[in-house]
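Before anything else, here's the structure in question.
Note that the chains are named A, B, C, D and E in the order they appear, and that numbering of residues resets to 1 at the start of each chain.
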Amino acid sequence: MTIEKYLVKKASLSTLFDKIKASGKTIKAPVKKRHTTDFAAVGSLDETTDDYITTAQSAKSAVFPRVEKLFGYVKSKNGVELVDYDLSTIPETVLWGVRPCDAAGFDPLNAIFNWDINDVIFSTRLARTTIVGFACAKADSSCFCTSVGGNPGSTAGSDLLFTKLSNGDYLAEIITEKGKAIQALAPELFEAAPSEEKEQNLATVEQKFTREEIKAKAEQYFESDVWKEQAQRCISCGTCAFVCPTCACFDIQDEGHGKHGQRIRIWDSCGFSLFTQHTSGHNPRETQGRRWRQRVMHKFSYMPDRQSVYGCVGCGRCSRACPADMNLLEHLQQIVKL
Amino acid sequence: MNEFEPKIVAFVCNWCTYAGADLTGTSRIKYATNVKIVRFPCTGRIDFMLLLKAFSEGADGIIISGCHPNDCHYTSGNFHARRRWVMFRSLLDFMGIDVRRIQFSWVSAAEGAKWAEIVNSTVETVRELGPYSDYQKVADFLKTEVENG
Amino acid sequence: MDNVKKRAAELLKSEAVKVVIGYTMGTNGKPRAAFIQNAEDVDSLIFNAQCVQNLAVYLSKAEIKQLGKPAIVAPLNVLRAIIQLASEMQIQENELIVLGVSPDGELIDFQNFSAIEKYLEDFNMEVDAKEKETLEKISSMSLEERWKFWNEELAECFKCYACRAACPMCYCHKCAVEQNKPQWIPVAAHRLGNLEWHIMRAMHLAGRCVNCDACHEACPKGINLNFLTKLMLNDAQEEFGYTGVTLKEGNLLSTFKTNDQENFIQ
Amino acid sequence: MIKIGFYPGCSLTGSSREYAESVIALCEAFNIELKQIPDWNCCGATAAHNLDKELSLALPARILALAEQNGMTEIVVPCAACYNRLSVTEHTLNADEQLRARISEIIEMPYEGTVKILNVIQMLQKYVVNELANKIVAPFDHKVACYYGCLLVRPHEILQFDRVEDPQTIDEMLKLVGAQPVDWAFKTECCGAGFSVSQPDIVGKLSGKIVKDAVDRGAEAMVVACPMCHANLDMRRPAINSYLKTTIDIPVLYVTQVLGLALGISREKLGLQRHFVPVKF
Amino acid sequence: MSRIGVFVCHCGENISATVDVEKVAQAAAGFDDVVHSVDYKYMCSDPGQTLIKQAIKEHNLTGVVVAACSPRMHEPTFRKACAEAGLNGYMCEMTNLREHCSWVHDRTEETTEKAIDLVRMLVEKVKNNKPLEPILVPITKTALVIGGGIAGIQTSLDIANCGHKVILVEKEPSIGGHMSQLSETFPTLDCSQCILTPRMVEVAQHPNIELITYAELDSLEGYIGNFKAKIRKKAKSVDHSVCTGCGDCWGKCPSKKIPSEFNAGLGSRTAIYVPFPQAVPNKPVIDKSNCNYYQKGKCKICEKFCKPGAIRFDQEDEIVEAEVGAVVVTTGFDVVKPEFFPEYGYGKYKDVITGLQFERLASASGPTLGEIRRPSDEKVPEKVVFIACAGSRDPAKGINYCSKICCMYTAKHAMLYQHKVHTGKSFVFYMDIRAAGKNYDEFVRRAIEEDKVNYIRGRVSTVYEKDGKLIVKGADTLMNGEPIEIEADMVVLASAGISNPGSEELAQKLHVSYDRYKFFAEAHPKLKPVETNTAGIFLAGACQAPKDIPETVGMASGAASKVAALFSQPELKREPLIAVVNRQMPPVFSSCVGCFLCETACPYNAIGREEIKDRNGNVIKTLARVNEGLCQGCGTCVAFCRTKSIDIQGFSNEQMYSEVMALLND
């Protein structure tokens, strides 16, 4: 569908929010807790904040939770009986306050989970999620969406995108049918489109390179020492992967409790030293340099090759969260200059 | 519903308390059925993680018992254990885990009657505290819907 | 700091060491670790109050070990970690040159680890008064409040293990949390998995933690997990007269005194 | 200038003024300023600890608390009985926090247990001994019997001062000023002070044996560091003489007086004229 | 997949009266992996055991749970039965339905439910059991005995007479120890040397005993059955293979004023000397510290007069290595030194002596040839005061214990004195008389009643000299604490027995523990009095605590029998319930990171270090390694190991974890 533009008054925003809530949907929106802001289930707009560049963690957990059940089982003398995951328990969810970079992350996630076979649980979650984006008026030095195909006002990935105007009112862009459905909850709040230019209300993020440049350089310098050098500081934690909107590596575990149990899927990270360790003790990605290269290659080379989508949206979360200051933008700029 | 019957697990050393509990038996001293004994070579062997496992598996109370100081079959396993418990208890208490549910004791091979008393008093204490549902709720990931950040 | 740089350059030039591990200015105005391999690069070394990452963590890192013999810029926290690591046989005196730095960045020479140990005697490794207040505040809550407090606190944890990765004492190649025969601790970052992980972490650091707060600094969610280790430190001091890191054999929990407290034992 | 707190106690302001005078004179010579604890009270010796435990702790505790209040970290207590009571109190209260709180309540003053208590010998050892040699003008070339009495060294586990059965510190110190300590048998024997009011005849007997042995061993002077010892050996000499059925005129000096003489401090300043048995040195 | 058999025992009616055993067996049959479950009247009976053996074969069982009585009773029985049926014995576990269930509960549903739970827990455990084989440790059948006093002599002879080799190391030039210094022995008053010297000679001549005198242990490594000892032979400066022991050298030696150790300082000896006439070996050594040649570079008179030419001034200390399978420590004791008693004037007054010195005065071979003459002027003392508990039982002196032998030897001394000086008067100040032992109290009574020794119950406060007399001031507590003064001619102190100087150092070399008084610590105060906590190292005599001759000899024979028992087996067979450090494929090798914090946690010093090397011999990794010979299987290291790299066989992490996890009822 073509994008429809409306004006939503500043005061109308909380009414819209309440209407969504009243419709029975779960709303997850950015909440400030201590010094980090993250998505959490909320009851009213007052509980949320709009003072954030990005949330500490991405919004991906709405569709790819950090722990999720795949199926249950019951053991008996006669064997094991499987109990399918009850998809009806997945709620209709509205993700409110998603930044354009974050919204762009759902596409690569979807590409991974539905690459060969359809991941029903993931797809159901995604289908029941409506993304209400808010364009960026602020950016910081870790942001580089414009270098990886995005921009602070990009509509890609969002179902509905709000851009705050100079007077505090919002430009609402309805991008998908799901967005339309939100509008339908309170059509009276959606007024005629404003005249003010969207662009003048957006943050400026300077473009440093293109994804294609990175892809080419990374592939060309696969054997270079640059990976090793960049990874010297890295302390092998999983923070970057866990805050990333597109990182989709997971581990499968069975958790038993007497005769009952469940198979669960949980986040994992290619940065962990045990990630590729074989039972034999051999580890094909033995050093942190190789693991770091894998992370970059996967996002900039393997994914576009296999899934025709790049795995980085330039949100800069990994750089902000890294305890050892492994700054992705800085590193990509080094690579591009090779 | 019947009165709450607490589940108690006892981690005991082979040489003193297990033998002491044997003596309780040979002396035909009765005690509550709630307790189940797990035999270890020495209190020094008892991993603190096993206590957590016992709680997560549904125990409402735990008894840890071994040789009196200086009586350890291995000379000092109980001393090591005691130090570990001091720290562990403090940590659990700090984190809001109810240490009243963990009874530490020294029961020698000659203290059959003491063993029965320890079991009975622990059962009573835990019965009053009620089921440890706070912990079991956290542990029961089968019923907890997936959590996400 | 000039003397530190000078010494670092000398060491590199004379090939007494192959790499100098120190702090340099990183991105976003934050200091970060630097691995200087050429004498010409020593000017990038810095030291200020923001240098909180415990560089000793790199001494156990295979990739850094491969660079050759290191020298390390060592403020108090790093010095403590070095002594604790040495007492746990993880580093040897002849494999490392320590460039001690005072809080104002002055070079402190150490002939050997014993000299570091001696130097550290003047600095009490205590939980400071403000932190003690926090410990007491938590302790004075009711049992239910404490349980709720830590459940909420730990619910934030998604097990990225940055705390572990940033800790100089978490050098094990395979952490107990990754042992799966048996699976002691659930891998998942659910409530039980998080609770057990953090209990175990605190216990394993009891008597070993150097109170550097690197774990807390590293936590992307700012969880106050360092207060668990601080409690252990405080207990160790109060219960067992533990005075801090030392080269002497044995560890708080691998040693005992016959008169340790036992009023809780029936 | 070294500044030390000073607790004279009752004896040093009365019967043994010369002890106080000689301590002060000696300290002056070594540039030590003794600052009296303001508003000090009785230490409780020797009766309080037999009557009321709390009282026996509260009295010394108040003295120590006052010292703390006045910023003193170290006090010198010349009287052996006072030294003993103060030390015992410090030890007892430092070992029992509850009791310390209780006593603080009684004296209506906080007592932290931070003050270090020195007897005269310890004070001399710490601040004087090293500089002694340079200042000697008149070596005390006499045979002396050093008498320690009971309170200065006992109970050993609390005071931790010298060898309890055969103390040596005064002997060693006097050697430094030229004296020759005799080897005698009554260094720590009881002088009978506890009976000096109730059964004075016993004092004559007990002190008499002490004095006699000193004389028999060739001592020309007895040296003490306790007002009670001094009172019994000096003031009660008539009783001693009548018990011994002879006349013994060996003088009894405070250790500070002997050191003072060696340094050339005037006899008057040292209070030598105050003794009952004349001092002829 | 496990195939578990469950065998529920009725124990006559002991179990079945309160537990519904059929129900238990039925419930167990429903457990995962349980393929066979039965109940039976008496499982431990022959038919019961046969039942198990048959089931193992028929059902191809991989694990067995016997639900019966305490494993402390019948675990070996059932493990043996399983082994006989071809199932490794360690695949059998017992659960205690009798002592821990039927005997302590009434017959209720809960009791049966508990029994089912107990069975479930052990079924889960046994699934994780691993077949184990007993550990066989080779044994070097030579014993090292350290210290050649009566304890060492007796131990050596007993072991040697069992046909095993013994190396006896003595630090002095002669064996004999304190016993050789004694005059007569209580309670029989037979001559000490008369009974001792034949034994000393026997030691020297025994074909199985290698006697190394004037030597000390330098180091000990290894473990039970397999120790390596380094022994430092101090230079004797005399070639004993050439020396005939003629005595010309010490007759001519000009340094004659050296206090004789043997005579406890009361007599003197020369620089080249044998300690006493009956010494074994009866050949001299040169005491370098007192020899004119060694100290001043001139003399060599002994060399000149030595006809066989045995003097070797250039001899140096020599280290010899020996492989031994067991060590017995028999280093004896010492008595407190002069500075201990300023109040008694010991060291100040010549006539205040220790009990050991009195022994020498009373001994026919002593400096006075057995006449009691006081050291200062060699006069016969007319009044002697004996002070018992001189140091012992005196917390103020830091010795809280009773030295045990003093009451008896003091009575003996007083008696000997009265026998030798008929006109003399003797007094004994004592706290209590401790004369427990065969004919001991009678002996003391004899001293009091027949020999008229004055026993005064009270302590002595001080001893001082006056007009040539020793004034002993004390109190008689049986006379209302009446002060007493005795003008004595001689005072004998029953000085406290203390540990030997150097015992701490020796204990550390041996890795055995010692108590606060530095006496060696026995493994168990009641049941293992001659063992130490290090397997293969035993104790005898006063190095463990002061004790008298009969007790020492008894203990020595006890230690010898322990050594003989150890040596009587071809190999040491030990239960494999010990700790092991895991090993994994390279490049990991083990999850052990080599922090060695387990080293201090281990009560047995069983944790050693193992270096993993690459082909070029470079060390890649250093791991902990549990010494199978030393580990006793307490598992303290297991609970302590952060990486779970050490596990204990039989109570492994997986076993205990499974047992706990099986607690849940669903």
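The definition used in the following text is that contacts are C-beta pairs under 8 Å (C-beta built on N, C-alpha and C of every residue); 3 or more make two chains touch, one makes a residue touch a chain.
As the structure is a computational prediction, the values presented were derived from the model and not from experiment.
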### Summary
Overlap of the subunit B and subunit D neighbour lists contains E
### Query
Based on Cα centres, what is the most central chain?
C
### Task
Averaged over CA atoms, how far is the centre of subunit A from the centre of subunit E? Could you give it in whole Å?
70
### Summary
Chain-centre distance (mean CA atoms) for subunit B and subunit C, in whole Å, is 33
## Note on the structure
dist(centroid_CA(subunit C), centroid_CA(subunit D)) in Å evaluates to 54
### Task
Averaging only over C-alpha atoms, locate the centres of subunit B and subunit E and give their separation in whole Å.
36
### Query
Got the subunit B residues that touch at least 2 other chains?
48, 53, 57, 76, 80, 84, 141, 146-147, 149
### Task
Name the residues of subunit E that each touch 2 or more other chains.
588, 601, 640, 653, 657, 664-665
### Summary
Residues of subunit A that touch at least two other chains are 57, 66-67, 255, 257, 260, 264
### Query
Mind pulling up the subunit C residues that touch subunit E in the complex?
88-90, 171-176, 179, 181-182, 184, 204, 249-251, 253-255
### In the complex, subunit B residues that touch subunit C
48-49, 52-53, 56, 69-70, 76, 79-80, 82-98, 103-106, 118, 134, 138-139, 141, 144, 146-147, 149
### Query
Of all residues in subunit E, which touch subunit B in the complex?
70-73, 96, 98-101, 103-106, 108, 110-111, 113-114, 117-118, 121, 513, 523, 533, 577, 601, 603-604, 632-636, 638-640, 648, 650-651, 653, 656-657, 659-661, 663-665
### Message
Could you list, by residue number, the parts of subunit A that touch subunit C in their complex?
### Response
33-36, 56-57, 66-67, 140-142, 228, 231-233, 235-239, 241-243, 251, 253, 255, 264, 266-267, 269, 272, 274, 287-289, 319-321, 323-325, 327, 330
### Query
Mind pulling up the subunit E residues that touch subunit C in the complex?
588, 591, 593-601, 622, 640, 642-644, 653-654, 657-658
